[in-house]
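Some structures are shown below for you to check.
Two complexes follow with subunit A in common, the first pairing it with subunit B and the second with subunit C.
Take a look at the complex of A and B:
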């Protein structure tokens, strides 16, 4: 097991001073999570759900308030030094980078902090710069890079210590679609190399595409852990039927609602039987472009987390 | 040692691309002109050494508070501090390496002061005891690196610590005897100067410029180094406590 978290709680105190005595805020509330080796595991949840706090505890940046967390068999408190040798963290966005260093200098600095001997540091730096397509820009300042290139520097930095577990904290934030696609391919490669990957994201398509399993977190608690498809199927959510038609299907039993987008009719039904009835009706009326759609991860997310809009 | 050197190398890379961080060097000429003008106008050649040492040591202190002490706060702003906390290497030697690199730059005001004195006023003090002078300078740079680590960690503890840092500059100049020899200060202030390594540095360097033999150079050097070690150990302990506290309270970043 790469990650074993049991009844993990993390609280924070508001206020100032060496020991703040203000209101207590609970970020993780008895969270339990198991991630086996070689799995790509997604952590999904709204802002403030506790995803980043969990990542910080697993990477030994934060201490837990209660409960236990083990990474690669080591406790995050008593075995922190051992964990740090085998865990890489990758942030999204601008944080965590030195704009005034080149990509090569950035990696050399972090290689030293990962205790790589000089020769190994040079070798690993060159290999990662090449692997991530940064070799031509290796001696350019990071501040001159595009968002996608900065993200690749983040990735290279996270991989410098050859980690067994990689924690990605919203890694595709601000990436263009091409860079995001490349990133997803890299995740698959890393998993195939035998690494375990824990990734926090708001991008449901990304989670659906790259994650073996996902965990939905809200208010510091686990709502569900399953494969993306399994989560959708066990959710009992509405089935959708999509068809290129203008026919009226609202009278069919089990139809909850309809919407039309770009000439595509989407019919929301209560269950598989109602979806079948809609399909039969449309086919009987000569509609040929028609198919049933299982609920997507995004639908499950919205159903379980709630449609909060901007609320956090 | 590798972590220390890596930190120093990284700091040189960073400073090279942040020329604005060397602004301290631009303030030196003003101090040099002001002090040497007074000394020359008053026809007090015996005070030339004082006028040369003040900008040199003020420059060293300026690099400490203006650049070295900001290293950890900068790390916190860029979130590289938390990444460092998750790395297997110890942070203390890395940051000490970065701070020491800055303090090596703190020697530049010495050359700048000498050059300006020669160019603008046609004077430069004779160094009668060069070994003592350079040993005192080296010990001062070491002690300043230790003090800077302590200051840098202190800066982590409060968002407003910059204000305090700006404030203590002038009291330090006064109590360390950088501007005015300590023996001319009110008597009740003089004991305070003994715990400030710069006061030992200023006195020893001043004596090394004079023709008279330097009394107790070894002990005085030891005092500078000892105070530097005390600051270094204090900084090391405070850094460990601060990082532990940040892990407990979740105050690693400003976010």
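Take a look at the complex of A and C:
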């Protein structure tokens, strides 16, 4: 087991100073989570759900208030030193970089902090720069990089210590679609190399594509842990059928509603049987581009977390 | 140990790179170095106003050594800089010791300070008629280095506290080096202070090192000089030990209260 979190609670006191006196905020509320080795595990949840707090505890920069968290068999409180050798962290945004260093210098610096011998550090630096498509820009100052390129430097930095567990906190913020697709491939490769990956993201398509399992968190509690597929099945949400047609299908039993967008008809049905019936009807009527769409992770997310809008 | 030395080395390389992004030789010479030289001259001129060459000797040597203290304590700002650049969390989460990382990061400034003091030592005495025992005086820069290292340890210790109170960084920097300037025998002999204050100055960096340099220039017996230098080294080591403990404590506190932010 790579990550074993049991009844984890973390509270904060609002306010400033040495001993803040404000209200107590509960960021994690008895959270339990198990992530086996070689798994890509997604942490999903609304703003303020406690995802970052969990990542911080797992990366040993924050202590739990109560409960236990083990990473790679070591307790985050008593075994922090061991954990730090084998965990890599990457968070989104432009901070966490020294603008006046080049990408290569940045990696060499962090390699030293991860206790890599110089020869190995050089090798890994070169390999990571190439792997993340930074080889051409390796000797440019990081401050001259675009946001997505800074993000790649972050990724490379997170991988420099050859971590067994990688914590990604919203790693794709600011990446262009191509970079984001490359990132998804990278995640799969990293898993195939035998690493475990815990990733928080607000991008449901990304989570659906790369995660073996996802955990939905809200208010510091786990709502569900499942494969993206399983979650969809479990949710009992509507199946959709999509077709390029103007035919009217509202009469078919099990059809809940329809909508048309850019000439594409989307039919909402109650279950697989109803979806089947709509498909048959459309195919019988000579419509060719037809397909059934299982509920997407995003639908499940919206259903479980609720359409709360901007409320946090 | 090998690991820690490597961290020190790469911290030094990184900080040298960042330092030289803003600083060039010419800029350093015409702004920073000249500012420090003028500071030393200023005090020497006060000595001249007081009318005795003895005063000039005392003030000039004191200030030549003391001008390095600002640079040696700049490590205080660097520690907070780590929070500002959002790298503190990454540093804490890395397996190397925080103390080593910080030690490496301020070394460039220490070098700048020692270089400035050494230059001052080579250039200013002839201008103010301060006589030095050449060629033995060539050993003084080495003693300046010892004082610098011990001031640096002191600065690192303050830095470890400031890490918990980032808004106090400028105050801490100014107080730290003004304390050295005032109480460590730079402008007035430590014997001027009441006993309790003198006791404090004896655990501050610079006090013993400066005494050693003064004794050396006055051609005092080697045992006096070496004794004072040894004390200076002990004081430095003491501050370093406190710094190490205090860094550990600050990080523990940060982990407890959540002030170590991802990206902040």
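Just so it is clear, the second predicted complex is superposed on the first by the 311 of 312 C-alpha atoms of A that agree within 3 Å, B and C clash if a C-alpha of one lies under 4 Å from a C-alpha of the other, contacts with A are read in each partner's own complex, and residues count from 1 in each chain.
Assume contacts are C-beta pairs under 8 Å (C-beta built on N, C-alpha and C of every residue); 3 or more make two chains touch, one makes a residue touch a chain.
Just so it is clear, the structure is predicted and the values come from calculations on it, not from any experiment.
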Combined model on subunit A where subunit B meets subunit C, clash or fit: clash
Should A:169 be classified as contacting the first partner (subunit B), the second (subunit C), both, or neither? second
In the superposed arrangement, which partner chain does A:290 touch: subunit B (first), subunit C (second), both, or neither? neither
For A:112, decide between first (touching subunit B), second (touching subunit C), both and neither. both
Who does A:247 touch here: subunit B (first), subunit C (second), both, or neither? neither
Touch test for A:135: subunit B only (first), subunit C only (second), both, or neither? neither
Touching subunit B in one complex and subunit C in the other: list those residues of subunit A. 12-13, 18, 20, 56, 59-63, 81, 84-85, 87, 89, 91, 95-98, 100-101, 105, 108-110, 112-115, 118, 141, 157, 161
Note which residues of subunit C are touching subunit A in the complex, please. 3, 6-7, 9-11, 13-14, 17-18, 21-22, 85-87, 89-96, 101, 164, 254-258, 260, 262-264
Can you tell me which positions in subunit A touch subunit B when the two form their complex? 10, 12-13, 18, 20, 27, 53, 56, 59-63, 81, 84-85, 87, 89, 91, 95-98, 100-101, 105, 108-110, 112-115, 118, 141, 157, 161
Quick check: in the complex, which residue numbers of subunit B touch subunit A? 2-3, 6, 10, 13-14, 17-18, 78-80, 82-89, 94, 245, 247-250, 252
If you look only at subunit A, which of its residues touch subunit C in the complex? 12-13, 18, 20, 52, 55-56, 59-63, 81, 84-85, 87, 89, 91, 93, 95-101, 105, 108-115, 117-118, 141, 157, 161, 169
